[in-house]
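Heads up: the structure comes next, in structure tokens.
Chain IDs A, B, C and D follow the sequence of writing; residue 1 opens each chain.
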Amino acid sequence: MITPLTDRDTLDQEGLERVVERMINGGVSGIFALGTTGEAPSLSYRLRREVIKQTCRIANGRVPVLVGITDTSLVESAKLAQDVVDYGAAAVVTSAPFYFPAGQPELKEYLEQLIPELPLPLVLYNMPALTKVVFQKEVISWALDQERIVGLKDSSGDLTYFKRMLAMAEAHRPDWSLMVGPEEILGEVVLMGGHGGVNGGAILHPCLYVDLYHAAKAKDLDEVRRLSNKVLALSGDLYSVGQHGSAIIKGIKCALSTLGVCDDFMAAPFHRFHSNERAMIAEILDKHGITS
Amino acid sequence: MITPLTDRDTLDQEGLERVVERMINGGVSGIFALGTTGEAPSLSYRLRREVIKQTCRIANGRVPVLVGITDTSLVESAKLAQDVVDYGAAAVVTSAPFYFPAGQPELKEYLEQLIPELPLPLVLYNMPALTKVVFQKEVISWALDQERIVGLKDSSGDLTYFKRMLAMAEAHRPDWSLMVGPEEILGEVVLMGGHGGVNGGAILHPCLYVDLYHAAKAKDLDEVRRLSNKVLALSGDLYSVGQHGSAIIKGIKCALSTLGVCDDFMAAPFHRFHSNERAMIAEILDKHGITS
Amino acid sequence: MITPLTDRDTLDQEGLERVVERMINGGVSGIFALGTTGEAPSLSYRLRREVIKQTCRIANGRVPVLVGITDTSLVESAKLAQDVVDYGAAAVVTSAPFYFPAGQPELKEYLEQLIPELPLPLVLYNMPALTKVVFQKEVISWALDQERIVGLKDSSGDLTYFKRMLAMAEAHRPDWSLMVGPEEILGEVVLMGGHGGVNGGAILHPCLYVDLYHAAKAKDLDEVRRLSNKVLALSGDLYSVGQHGSAIIKGIKCALSTLGVCDDFMAAPFHRFHSNERAMIAEILDKHGITS
Amino acid sequence: MITPLTDRDTLDQEGLERVVERMINGGVSGIFALGTTGEAPSLSYRLRREVIKQTCRIANGRVPVLVGITDTSLVESAKLAQDVVDYGAAAVVTSAPFYFPAGQPELKEYLEQLIPELPLPLVLYNMPALTKVVFQKEVISWALDQERIVGLKDSSGDLTYFKRMLAMAEAHRPDWSLMVGPEEILGEVVLMGGHGGVNGGAILHPCLYVDLYHAAKAKDLDEVRRLSNKVLALSGDLYSVGQHGSAIIKGIKCALSTLGVCDDFMAAPFHRFHSNERAMIAEILDKHGITS
């Protein structure tokens, strides 16, 4: 989920309300707040807590809320986790600490220290493009023995990696959830036994992603190809308006703003699209038939 | 400066006292707290404030204290800056926000938004290996027009970059300070007109680095070569005991601990050296004649 | 196809005979000689010509032989292509020139200059890990208008990239072939409309890969999952005996040597496995039931 | 040295004559033909031999000619070396093979196999940006024991690396030559005991680089700073006209063409500058007072 903002430290509360309702009405199975698309690392700690509190309040148990606690400081990560349990979150999610790149043994020890501090189950979040660190086989192998770790979100885009981790989990922890970040390969991942996606596009247009998920669960291959091509076309258009790494988040926020769902303010170091880019986003929405 | 710790959220106060005295007695011109070597991103915000408070108290105006406020959240960065002015810091230091890699125009806007929030002058900190972002010519060119920005610390290890930035600063802002991170090239940098170094080894053995600085200022080339080779030999030994990116910080902390200066506890995701590595560090200190 | 060698500039002719027969008997649809797995850039030009000549002679029209002409010199690349037509090759394959990384406009011009020199159709080969260059959308879009370019082999491992290129080709050039390098995602690629794989493991154990291909063509999802998991397990074992980038080629050559198919000599800068690694490979073959 | 061309496989003989005379008259101590700036990997083998033959003929013993034999194929590398001895080359130069990235033990073995094939002394060429491989300490340490290896050219731009290798060579092989690629740090390198530079700008304007070298040898620090700043300003202008990795070679060739020295044809995948870029180069030459 994106984090709707009205300025650098103010939540767009009504926008958040509409975003959460949009996703739940669209049929999502859960909400992941304060991930990369949620600009979590760019938000103050106070604001992060508010996002969680409000998201849980709005979701109100209709779907589980997973909360990103990724941080460079284990102490801050643990504090955040301890607070969110009161708000009603279902689980916490962490990537590797992302300033100092940990070696794999260091990454394992980091998790070993973090887990006893967590009042909620933990989902790992593999995001090497931004954290510089992969959760490699040896760490995942260890994690599969930790009762408190219950799944993995993989945003590497490397399907071979995903499949290797899935095979390990299927053998040792059938209760684990393995979810994929890049929406363009959601269909394949679910066809191969993966458990779902945590996809940015599903904030804007949840039913498309939900339908794709169900088609893949039902092994309806023709429908998977049809819907997967729609996802591919949408993401190809929507995420190529901007340059730099921020194009995905800006594209989604701008599209939601164009539809009147929420403000498109971006936390630093990013800034919202200008009017010519807004016009392009409006055209893209029109082309893909996303009118509300 | 390293941050001496006794556990993950507790400052080793007596250790800090000895470290600061060691550096000031060794002749350093200033102290940079909460940089990379200070493990700043791994510390809780509370602890970061304590480090600054205590460091300023101990330094007590004998040398200026520069304080790292690098963060992924502009709001947290600004808050930290606003607090440290009360403690007596002389300037704040920031690298690029390091989760989302900002494009250069975004980086400029980030600084534009940050500067009005800062009660102290700002030094930029180029650290691309960890932040994924370089302060490129266009941003530095803009920064040279900002009165509140007063210098650049460059830890890229790219001397050509350093010299280009120095030439620009000499032409437009002779009051800027350009300092180099990697101690192995401190001599060359000062010979070419650079203003000094912010070097990890100077925490352990300040007089060597201070002497090298003065030799270079005095254009005593033979002495520069002699001392620079000593630095090279020391850093080559000390920083290659460990693996992974943490070898430098671990080497310095372990050496200080071996000398009885402070605890060598490391904040997650790192951990202190084991006994065999400690033995190697002890030998290295002995070999280089660092006995106290 | 690997290139069986008896020393640095001598083809293992009998080995080559057995390798080609093995693949054809295993049901492959074609042979790609002088690719990455064929160690082409490590071979002398004389030897490359011999490999092509002998491979075409042995294949004898039973399956088409595609020939890698990737080079850093357009002149050498064109010369090689002109020779191989006489031997009976069906098409040539080129990646980007790989010493100087070309910008996309430069890459397009490179192909523009190369095509008129080629007496055979051209397949593009996307291999960014080794060439430092991706065939991006703009170049592929141009390539789809070139009659002489007939397909793309993608070894990036990025399924989203593959799907984007496939969607472009389906819209403009239904005659193009899009083939995938990493065998671990062969099943998914064919399920989504891709045309096949150029997979190292198919040299060792062709029937497994051929069966997977046919299962995917037949949309037999359960069989795809079953066989894809076998591929994943085999590649996970076989390619992790060695370190460095050479582990895949060494693994395949050593396995073939263990089975008595051909010599496992490797061209510099690589060298064959030692006896302990050979023993591990033998165990892996045994575990996966590859006995001949 | 650049390689003047009139088309993709034709040497600009008169241009080559003028380039070699220009460099020798400018006072260079030697000529390095078929390096990166010489576009060696882009040239046919026939043309590479012609370049060497003609360069040695023109130089006629006035300065030693070093010849790049870098290749992905050890066999071709050795063949080239065996031919060039007849033309009168003084030494051969090789980087790591650059398609497959060799591990360090593999790199050592590669050199071990190459050396007995070489009729001339060998200089190593560290060029990780293009070869993906660094000659690390362990390989250099071994190389210092090989009588046939006589030096190292380092184009990494990493002065700390250069100084470490220099310190090792000074201790074990005082006859080794250590030369630096990036001209912007030539002065510092020579001040610290390095033996010289192999700098692209010295093809265009040799006396500036020769003067800088001599100033550094004479320990005339003020003159080093003055000339080093001139080099920095020239390279900053000249190499930033183009984009992509080709900007340096294009800038030098275009400048030489503008001065009437030689053709500016570039081997694929590069192409010469267009007229607007030519105009910028002409202005830069004018600004820096390079009129002939």
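Here is the rule we use: a residue touches a chain if its C-beta (ideal position, glycine included) is under 8 Å from a C-beta of that chain, and two chains touch if they have at least 3 such contacts.
Everything numeric in this text was worked out from a predicted model, so none of it was measured.
Trainee: Hop distance check: subunit A to subunit C, minimum number of steps through touching chains?
Mentor: The distance in steps between these two chains is 1.
Trainee: Name the pair in C-D, A-B or B-D that forms the same interface as A-C; by residue number, over half of the contact pairs must coincide.
Mentor: Match found for A-C within C-D, A-B or B-D: B-D.
Trainee: Taking each chain's centre as the mean of its C-alpha atoms, which one ends up farthest from the centre of subunit D?
Mentor: Centre of mass proxy via C-alpha means gives A as farthest from subunit D.
Trainee: Could you put a whole-Å number on the gap between the CA centroids of subunit C and subunit D?
Mentor: Each chain's C-alpha centroid was found; their separation is 35 Å.
Trainee: What whole-number Å value describes the gap between the mean CA coordinates of subunit B and subunit C?
Mentor: 49
Trainee: Going through subunit B residue by residue, note those that touch at least 2 other chains and give them in order.
Mentor: none
Trainee: By the document's touch rule, what are all the touching chain pairs in this structure?
Mentor: Result of the pairwise touch check is A-B, A-C, B-D, C-D.
Trainee: Applying the document's contact rule, which stretches of subunit B touch subunit A when the two form their complex?
Mentor: 8-9, 39, 41-45, 47, 72-76, 79, 96-103, 106-107, 109-110, 113-114, 130, 132, 243-246, 267-271
Trainee: Spell out the residues on subunit D that touch subunit B in their complex, using ranges where they run on.
Mentor: Subunit D residues touching subunit B: 157-160, 163-164, 167, 182, 184-185, 187-188, 191-193, 219, 221, 225, 228-229, 232-233, 236.
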